[in-house]
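See below for the structure under consideration.
Just so it is clear, A, B, C, D and E label the chains in written order, and each chain counts residues from 1 on its own.
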């Protein structure tokens, strides 16, 4: 383990930023391009994870554990959100037999 | 007595209040009595004032009543000025006014609105006295507009007839046009002299040199005011229409008093007018033109009152002509004599109308000489007086004016004399058509014709006497008189135009007398010898007669040039500018907002994908800002 | 701290009470809990307690906590028969609202980004659920899912923003961040700026500012009216408190940086909110758009940061909250009778229900910002606030928008008084009367004598 | 003495509340309240010393944190407007006596509430208080017009409301700006007077205030809300609007615009005068062909107010004093006109000029009263209208000759449309409709007699009124000119 | 060689996350997501955030993803039944995404922060260290996050429970 981590000492911080930004954006693109509510939700999870990764990287970079604690909170949120989100989706499915977000257009204008 | 001058207008006002409040409850006799006696009291006081003033060395008394309007350095007291000019006007107004009140008792006796009529008459006297007595232009203006109001009320006395009501309105509005000129003139006076008081203005003006532009403008504006009130071109058309009112009204307001207010005002302001020779010239031209135009129109009129009305306009034109050439005394002299004989003529006409049960068309008269002897004889005196035959009053006053005109401009004189011939012609035409020949009305009506009651004939006789002998107050030196009037007025009228030498004056008199006699003869031949009767309205006339008969189409021209365009402008302003443009912009703002709302709410499409896309666009823009700002 | 504990404990007690079918006791219990926490708000006044460096119960927090708790209290009073019509699980609803309130109290008092995040999420998650509690109602479902999806999406940005700030400063603590800004003013890490922007995005989403407002009308319309009332009043207030704590205090040194985008957001929000509201036929949806526009006015407090910015928000929020509660309260009553919440339902209301109509009129006047109502004082303070920086054009723009506002607020007044309609007679339970009267009194009192609240913070 | 002013201001409010809770007797309660106000006003007038000072002043801290004080007082200018308000309100209430309004308690309560707002406006010595009163007067009139108005009332009144409030919001902007400029951070009028603003600032202040006031008056081209609103409103509403409310605009100019932004006025006053004069001529001409009498009077009101506004901006004693008198006169006259039209409309169900005629025959008393009111409106000397109009014209004339000339046209035009209307309604033959006209009686008589008496008394002896405001006006003008000369 | 591991895993992360959003079958998406999360776990390990790596592995890949899968199965949505958004929307979405990434990175000026991530304290990400942090200064949020979970619990039960009609 130590060896592995020692070997990483060279990755520049901005590469972590780039990576996170890219994954985050992929999440955004997912949200933008998909119609399936669950997939959209998964894309959101992707965004959250990108944030998690970045937080960890910052945490290591500034040698501060609080960043990782924050990641922990985000995971709590993710869990809570998934529970609620999926139950909402289930509820909607029961009524509309669909989880296509384009069906959600009664409320407009 | 002079200190009691405030009673002179107050008492008629009291009469107005009593008669006005009691118009439905008091008996007609009582109303007539109150209405006439208040005027008589005023007359009595006026006489007292007149003599007191004559005896007094100080010829100008200001009686201060109370502060009326004051704002900053503008201070307008309600105060009266008693001087030769106003005192003599007081006599005319109350005197002639009293006679006409008496006359009205008989004339209006059968009218149900008798009380209203007398209260209006009293109110008129009140305002007229105010006009004359005012010691500043604004008090004068109260009276000025007040008589206009009374004129409106009395012309439209029989208001159920809409054309009468229209005539009243026309009179008021045309007067108002002049009033605006007056008011603007007063503003100029205020800014120039810092006051509107006669006693402060004239001394200042006396030190000015003629030709001052501001003074000229003031004079012009005041003259416009006078044009409105005294029915001069181009604002004269209301006066003939004003004959819609009861005849005593025509006599009092539209002949003897109110219409001469313009002359009074200019005479009062003679100091200012003397400083504006160009305006005087304009006044002379306007006066002359009015005199001639009105005389020409009068030639072919068939309504007895219309003839008199145009003759009034014409005579007023002579007065202005006199003012224009600087013959203030002459003009004022003519005011006085005209008040006598024109009041007389109108009252006589009224007597005729009364006798014929409100028939005014001369084509349906004739041969009344026997049936209405008093009326005939008095009217004959009046007619001679206005025609200008010596020794009746009109001769002296008119010839004084003409003499001055001659000195001023020979061409103008020639035209004016020609106008005087026309006057003689149409007046005698009227007399002949009315009293000579055979009666042209229905037989049934003929039997009912009777001489008017005493209350009407006595004023006629009194006025006839005055018309006959009124000239003595101004017999010129050429006729070995001393012209009492000009001496009396001397404290007020500062400059008097030069009179011609005696020889010229004799010649001028001769020309006019001969001309007048010829005109009368001409009328005699046409209307008595040839028994000519004017043709019905729709009959064919020569072009000139047509023009005269239709009053040179003045009304139609005004209608076309002023009323119609204004109404069209009104509709245009209202329908296009106000509703479409001004309001349209306001409504357009509202409309576009609501359209924006309609459009904008479509953005809220209900589609989550779109919402998120918009959010992302927002975020991208914000990040772009960040990128660019760093 | 004791406030949060009280609220949470109340929530749990209520949950258990529900378990034991003690339906009658639910409301009293809740009210007792809320009143207790209000009492704590009062007693902790001026104590300025800090807990673990995470929460600071300064007067700012207490004032906003007080107003949100009071608002919640009123909304609870309006629950009479409301949930019972739809479902058995009243206790759970109460619990969720109370949990949301707990989150809100955290949001108004946080001293650390993690607390902000936790508070926001507690509130949001509870609201996702509450928006969808009418399970068989499509609109409610749709509202819930829309809110959830977009909320989760915006959370991502909020978190990204927090992360970047953390990356720049190495801390989540607001004081530390502020010190970093002050200390390194010349050499702030480039990570910081996008962090601020993304945080702004996340918070703007919560308060419904354009262009992140799209969820607002749909969710407000679809959600059960009472929940909408809660969202548009209490939740919105909390969002602003959170916004203020961060931007007016912590990020204040960077004001020059984030002001221009904020201005754009303000103008957009004002414009979209007001203009779109104009054409609405549905009263509830109109209120949603109006809440967007009010967000615009509230943001004025951030355009010019003055000593009284926070207090101005408090006044405005108070005015807005109580007026909205009246509006929603009357709306619920009307909807119970007529079955829909269009403007037509209000036609002729003034004849048979003078009281309800009068109260609603005052509420609308307050929302529109007519003097002698609290709404005017609020708007006035906001204008005054930005005028300190001489933002004439902004104020002029706001005035033009306020004019549009008069149109749609008066639409309901017009319907009530000037139009003929079915002569319905509302059944107004006592609690409703209490809420309406109290809100009315607050609205008018704050309009006439706002001094009591002007110097709270 | 302090209590007197407080009583004066708050009595209508109390009256409004009491009226709101009385049932069918509301009109009597309202009348009693209004008459009490009038009595108080008369006491105030008697105790008023006609010098330039602000009297009966009260100054209580209100919203201290914002520098807002309940600072009210009466000087000569306020006295006139307060007098106007409290004289007209009883007349207006009495004029509504013969009507059977639904929810009459609300109706009369709103009138009294509006009176309260108006009194606030006219006595406020604190800009914020002024603004509060300004809006507090607007809300009740909106409801009066929109609830009890004619067919198109909703749209018309919404326009009126938004239009006027648009102006007042910009005024609020101006007030806030002045407040911020004021080092003491309060809204005190004296502090505003003492501000040293440069000419650019003053220009902005000028426009912010002027638009508000111009809309209220209304001055061309901000007038288009007015004819519709006047036509659609119930007559008491129209009376309140035209009789008192538009005076708020005039008062505002005198009290807040001229002394606060003299340079702004110097710079832009000619624009204001031009607009006002255009309004005079334009509205008069439009009035020529109006078919609805109420609308005709509405346009005539625009013309009259245009003259007042021009007179104020002329910035001389005559114009200003004329404005003071004319405010009073116009209020009385226009209330009288609208009342006459209301009497006609109530009997004939129409105000269309063409359908009427010959009423004088049926109702001689009405005809006389109407004529007197018309004469007052066309400014016949001896009526109240003349005093105001004469002073205004001379004021405008001194400002610019051409302005005086064009403004003077109103003398002619006014006579044209007023007499046209009078003739077509009252004179001529009765027609099938008007044959059933009955003469005025009861409260109608009282109202018309009072109005006619006021018209004549003020016209004959205006001195007391002129005297009331003279010192204040003089001081105001000196203040403005001093400020201007100290700059130049 | 050390840094190349990072780049390799990073590449995998990106690829798999792309697969998540572009695979037509939602079940496949879930599976790709699990893989993506696994690569992220590797990243955590590389950063020596061992606690996070474990939690990520258990909570995310285990619990959360299973929940996703479960719901998909429950709703019988495993088929590729999603009517795809129109091509235009996709293109626009992708372009927007690209813009987003460009602007994020651009505005970060991340190139400026090129100092390497160095593990100054190898114990940083260990349970002991984090535990101290969590139960020390972060105790309050930690406790409060229980409310979050409780809310979610109540909510999930409330929403999925069938009402008595």
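Note that a residue touches a chain if its C-beta (ideal position, glycine included) is under 8 Å from a C-beta of that chain, and two chains touch if they have at least 3 such contacts.
Note that the structure is predicted; figures quoted are calculated from it, not measured.
If subunit B is removed from consideration, the chains that remain stay connected by touching as one piece.
Chains that touch both subunit B and subunit E are the following: A, C. Across the assembly, the mean Cα position most removed from that of subunit A is the one of B.
Centrality by C-alpha centroid: the chain sitting nearest the overall protein C-alpha mean is D. Contact tally for C-E versus A-B: the pair with more C-beta pairs in contact is C-E. Taking the mean Cα position of each chain as its centre, B sits at the greatest distance from subunit E. For this pair, subunit B with subunit C, the centres built from the Cα atoms lie 78 Å apart. Inter-chain spacing, taken between the CA centroids of subunit A and subunit E, is 4 Å. If you average the CA atoms of subunit D and of subunit E, the two centres end up 71 Å from each other. With centres taken as mean Cα positions, subunit D sits 37 Å from subunit B. Residue positions of subunit A touching 2 or more other chains: 13, 17, 24, 27-28, 31-32, 35, 41, 61, 66, 69, 73, 77, 80-81, 84, 88-89, 91, 101, 104, 106-108. Within subunit E, residues 85, 89, 92-93, 96-97, 100, 104, 107-110, 112-113, 137-138, 141, 145, 148, 151-152, 155, 159 each touch two or more of the remaining chains.
In subunit C, the positions touching at least two other chains are 114, 118, 121, 125, 128-129, 132, 135-136, 146, 149, 153, 164, 190-191, 193-194, 197, 217-218. Pairs of chains in mutual contact: A-B, A-C, A-E, B-C, B-D, B-E, C-D, C-E. Listing the residues of subunit B that touch subunit C in their complex gives 593-594, 596-598, 600-601, 603-604, 606, 608, 610-612, 614-615, 617-619, 622-623, 625-626, 629-630.
On the subunit A side of its complex with subunit E, the touching residues are 1-2, 4-19, 21-30, 32-36, 38-39, 41-43, 45-46, 49, 52-53, 56-57, 59-61, 63, 65-66, 68-69, 71-73, 75-84, 86-91, 93, 99-100. Looking at the complex, you find that subunit D touches subunit C at residues 62-66, 131-132, 135-136, 139, 143, 146-147, 153-154, 158, 161-162, 165-166, 169-170, 172-173, 176-177, 179-180, 204. Of all residues in subunit C, only 365, 370-372, 376, 380-381, 383-384, 387-388, 392, 395-396, 399-400, 402-403, 406-407, 410, 414, 417-419, 449-451, 454-455 touch subunit D in the complex they form.
Chain contact summary for the complex, subunit B toward subunit A: residues 601-602, 604-609, 612-613, 616.
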